[in-house]
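The following pair of complexes shares a single chain, chain A, combined with chain B in the former and chain C in the latter.
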Partner chain A sequence: MLSLRDISISFGGLKALTDVTFSIDDGINALIGPNGAGKTTLFNVISGFLKPDNGTVVFNNKDITFREPYEIFSMGISRTFQNLNLIKDVTLRENLYLGVFEKEKPSFLKDILRLNKRLWEKVNKKIEDVMDLTNVSKWQHLKPDSAPYGVLKNFELARALISNPDLILLDEPAAGLNNAEKENLGLIIDKIAGMGIRILMVEHDMSFVSSLAKYVVCLNFGKVIAMGTYTEIRQNKEVIKAYLGDTDA
Partner chain B sequence: MKKLNLFYLSFLAIVIVLFYIFVDNQFYKSILIYIMINAINASMLNILFGYTGVISLGQAAFYGIGAYTTGILTVHFGCNPLLTILIGILIASFVAFLVGYPTLKLHGHYLAMATLGFGMILYIFFNEFSNYTGGPSGLVGIPKLSLFGFGLDNEDKFYVFISIYFFIFSILLELFDKSYMSYKLKFIKESEFASKSFGVNVSRVKLIVFVLVAAVTSLTGSIFAFYSGFISPVSFNLKYSIDIFIMATVGGLGSIVGGTLGATMLTAFPELITNFEDYEMIIYGTLLLIIIMFFPQGIAGIFKKFWGRYVKS
Partner chain C sequence: MQFLYSGITSGSIYALVAIGFNIIYNTTGLINFAQGEFVVLGGMLMYTTLTMFGLNIFSAFLITFILMFLVGILFERVFLRYVRLKTEINLITVTIALAIILRGIAMMIWGRDSLAVPSYVEEKTVLLVGGSITSQSLVVIVVCFFTAIVLSTFFKYTKYGKAFRACHDDQVASTICGIDVNLIRMLSFAIASFLGALAGAIVAPITFVTYTDGVMSGLKGFSAAILGGLGSFWGGLFGGFLLGVIEGFFAFILPSGFKDAFAFIILLLILFVKPSGLFGKKKAVRV
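The block that comes next holds the complex of A and B.
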């Protein structure tokens, strides 16, 4: 599915990632680690925004290491962002166009001459479905500036989901959410995984990770220090030392 | 799919027709012709900057390429006028590709400087290549355009021609505004990062838009050359690039009517205040300042607010 082998990348003299190697397959997977461990950098390598100095990224048996982000999206990887990245000038519903239209690749002339009514119907149906799944329908006509933070997070998830990806990268999906919103988000992520879509999430909230992730990779200073189930990870001495501390989070 | 704004298109058509029927004064007709030419140029810049976020201070150069291609090929080589328009479009598109390919990787001030530099180079070229361009004195004797044996040899005929061109242009613009493509450009403008993440080949789209805008601007330049019969580098200098930039900004960036509103106001306004010639620049400058400071979405934004508050409620 997704396989990273010996990924290394430096920014000037700073080694952000060193020989990162792991694979993920079905279900929900988590990437954890203290701040500055290299988690978002790794997401940017997987999604094509950063090119590694060394190593390979293989997705569905294809080498995507040096592919451009738009190519990687078309191969089935979509993502959310650590800082919300919704388009403020349009409504939340219209934000979902970005996720779905690029997958459908409408013809320019048909689009301009309004000859793709069927495509619009298909897009609108997809939008309704994905908004129902993520419980955001009632906010759809607001612009991002006017909606609550938790709703915006769900819209980002909806936008990542609407292209029917094989893998969604979630960058700190629970950050800034209250307990009720986290619970709701957890249920949505579980549903998405149940649809056969693989999830790799970066998350700091260990209770959120433990309730969802079947496989966890822990990074520290750009290196993989442990991987396994959450139970295995929480017992790993290096992880306890680097990140979790002596008690449960 | 959004509904087309048929009210706006009908309003445009009525104004154009009424003006033709009731205004005999050739001077006013020539002002309206210039308004339509500027509206097309400002609207194209609006697509480039207002929608896509690509700032260009070199649009006058593409306008000049169209005008000079037509001028040189008709005056010196006696080419078919329609062919010269086509050649102008091809040259402008090719030059836009050459300029856009490296420079569109830049953003903000850097891109503005690069396009400004390109505009300056073309301006110097129009001045110095005087064997063909006529240099600073300009190029005279450009024949009037003739379409299918119908010569556009007076103000009235040209008014009809430019009105048809402008109206077709406005319909296409409205279709564009209600298409997914207009969303795509807005997505690129606000977040290239998000756009790339969701499958948009940002560099390619920006380059295509840059080339298309240059092509239409060149076409308008050719038409301008046929209309005026005389062209000189002054019509294609930095001031004109800035003029259409201001028209798009004052009219309303990112709004499809912005270019037309801005061009109407800023082309007609100097003519309307000629009686106050001594204070012209002060009045003009104050007005611009007020709009930019208090109405950042331009005149289109004011109309939109009014429409939302009083008409829809």
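The block that comes next holds the complex of A and C.
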């Protein structure tokens, strides 16, 4: 469903990605590697924020390499960011509401005249369902500046989920969370995968990765150095040398 | 009290221009120095449709607004979108260049003379406490308030309005919500152009229209936007009225030749004392 072929990108003289090729299909997948390996750059290429110098990104049999981010979103890929990227001027619930903006294609005139009653009911139901799934309902009327960090991480996940995506890219979802929050997040991600939504996550917490991901790709200096199950990756000498070391991080 | 009534009338125009500045600033971070030319074009098009083509008021307004909406779209799509290096200073320079070009085009089409646009309502003088106001001035004030309420409702309650606010707040976050940021940028120019045209159209019967009017309309609208707080919708509205009233007051006690200087004295004062304006918020920037 997501296939990357020979993706390369440079920033000035620095080669950030070199011939990155891999595919992911169902379930939860992880992209690991040391800082500066090119993981977030690759996410930016997949989600359209960066255009590669070479290579193609194919999603659901469509070439999305040079599509704009909002088009890629409407084709079924949503994402979260390493740093929180919620809209601060509106409430958390309204952030979710904006997340369905493109998918629902509201009629401009009906919207102005407030005639979209059926659409509003559908959107509100969807928002309630997603908030229940991510355990954030009680914070919905706050603005992002007033809510705890862990809640905001879940809201970002909720916003990624609300547009009924086929694939969610999670950029360091567990970063900054305590153990209880990580455990809760793991359960939520598992439930999302159970709904048939594919996940590709960048994550440094290897216990989090090992408990969730069925397929792992390891990048180093912009190149894929290994891919396979977590157990296979854990035993790969190159991965051990470049990133994991002799004991789990 | 008379300076108050005339100040509110001119303040309504400054407010509409200031809101136009703010809408573009909020979605693009740019100051559009051609905003004043939109005001002139609005007045000129009303003159053309009403006086030259003899259309009725409804058709004249409709044609003027549609054309100016398209001018706004053209402005962003053609001239700003294809600037190779989109730094703020480059884009602002483009708006200054376009303002000069639009002024030149207006001079070539409509000439150097002031053009009189017929009044839209029966000319009457309404007596108020301590002064009076003309029916045409009342139209200006009512239209300004009505527009402010409609726009405020649009930004606050509609999905597209929320998309504008989202783009103002965080364009990356808006993009991952599926909002077409380029479309919102284009629409912001279209709405600002429409607002400028509206201001120009409603004030034309009171002040006449001359191709050079855009400079002063633009700079005073900009001063009003700075006074209220650049980017603040209600700040722009309030800044416009306050500027109009202060200007009216000083024109009342000092020679009227000094009138225009006060807008810029206020602009300087605000920049020295409270650069974020009366209602402006300081924006945190992630570094």
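Note that the second predicted complex is superposed on the first by the 249 of 249 C-alpha atoms of A that agree within 3 Å, B and C clash if a C-alpha of one lies under 4 Å from a C-alpha of the other, contacts with A are read in each partner's own complex, and residues count from 1 in each chain.
The rule is short, and it goes like this: contacts are C-beta pairs under 8 Å (C-beta built on N, C-alpha and C of every residue); 3 or more make two chains touch, one makes a residue touch a chain.
Just so we're clear, the structure is a prediction, and the values are computed from it rather than from any experiment.
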Task: Combined model on chain A where chain B meets chain C, clash or fit - done: clash
Task: Contacts of A:K117 with chain B and chain C, given as first, second, both or neither - done: first
Open item on the list: Contact-wise, after the overlay, does A:T231 reach chain B, chain C, both or neither (first, second, both, neither)?
Closed with: neither
Open item on the list: Touch test for A:N35: chain B only (first), chain C only (second), both, or neither?
Closed with: neither
TODO: Identify the partner contact of A:N83: answer first if only chain B is touched, second if only chain C is, both if each is, neither if none is.
DONE: second
- [ ] Would you sort A:Y70 into first (chain B), second (chain C), both or neither based on which partner it touches?
- [x] both
TODO: Kindly classify A:N179 by the partners it touches after superposition: chain B alone (first), chain C alone (second), both, or neither?
DONE: neither
Task: Intersection of the chain A residues that touch chain B with those that touch chain C - done: 47, 49, 68-70, 73-74, 78-79, 81, 85-90, 94, 97-99, 101-103, 106, 108, 111-112, 114, 159, 163
Open item on the list: Looking at the complex, which residues from chain A come into contact with chain B?
Closed with: 47-49, 68-70, 73-74, 78-79, 81, 85-90, 94, 97-99, 101-103, 106, 108, 111-114, 117, 120, 159, 163
Task: Residue ranges of chain A in contact with chain C within the complex - done: 47, 49, 68-70, 73-74, 78-79, 81, 83, 85-90, 94-95, 97-99, 101-103, 106, 108, 111-112, 114, 159-160, 163
Task: Contacting residues of chain C [partner chain A, same complex] - done: 154, 157-160, 162-163, 165-166, 168-170, 172-182, 286
Task: chain B residues within the chain A interface of the complex - done: 1, 172, 175-176, 178-181, 183-184, 186-187, 189-191, 193-202, 254
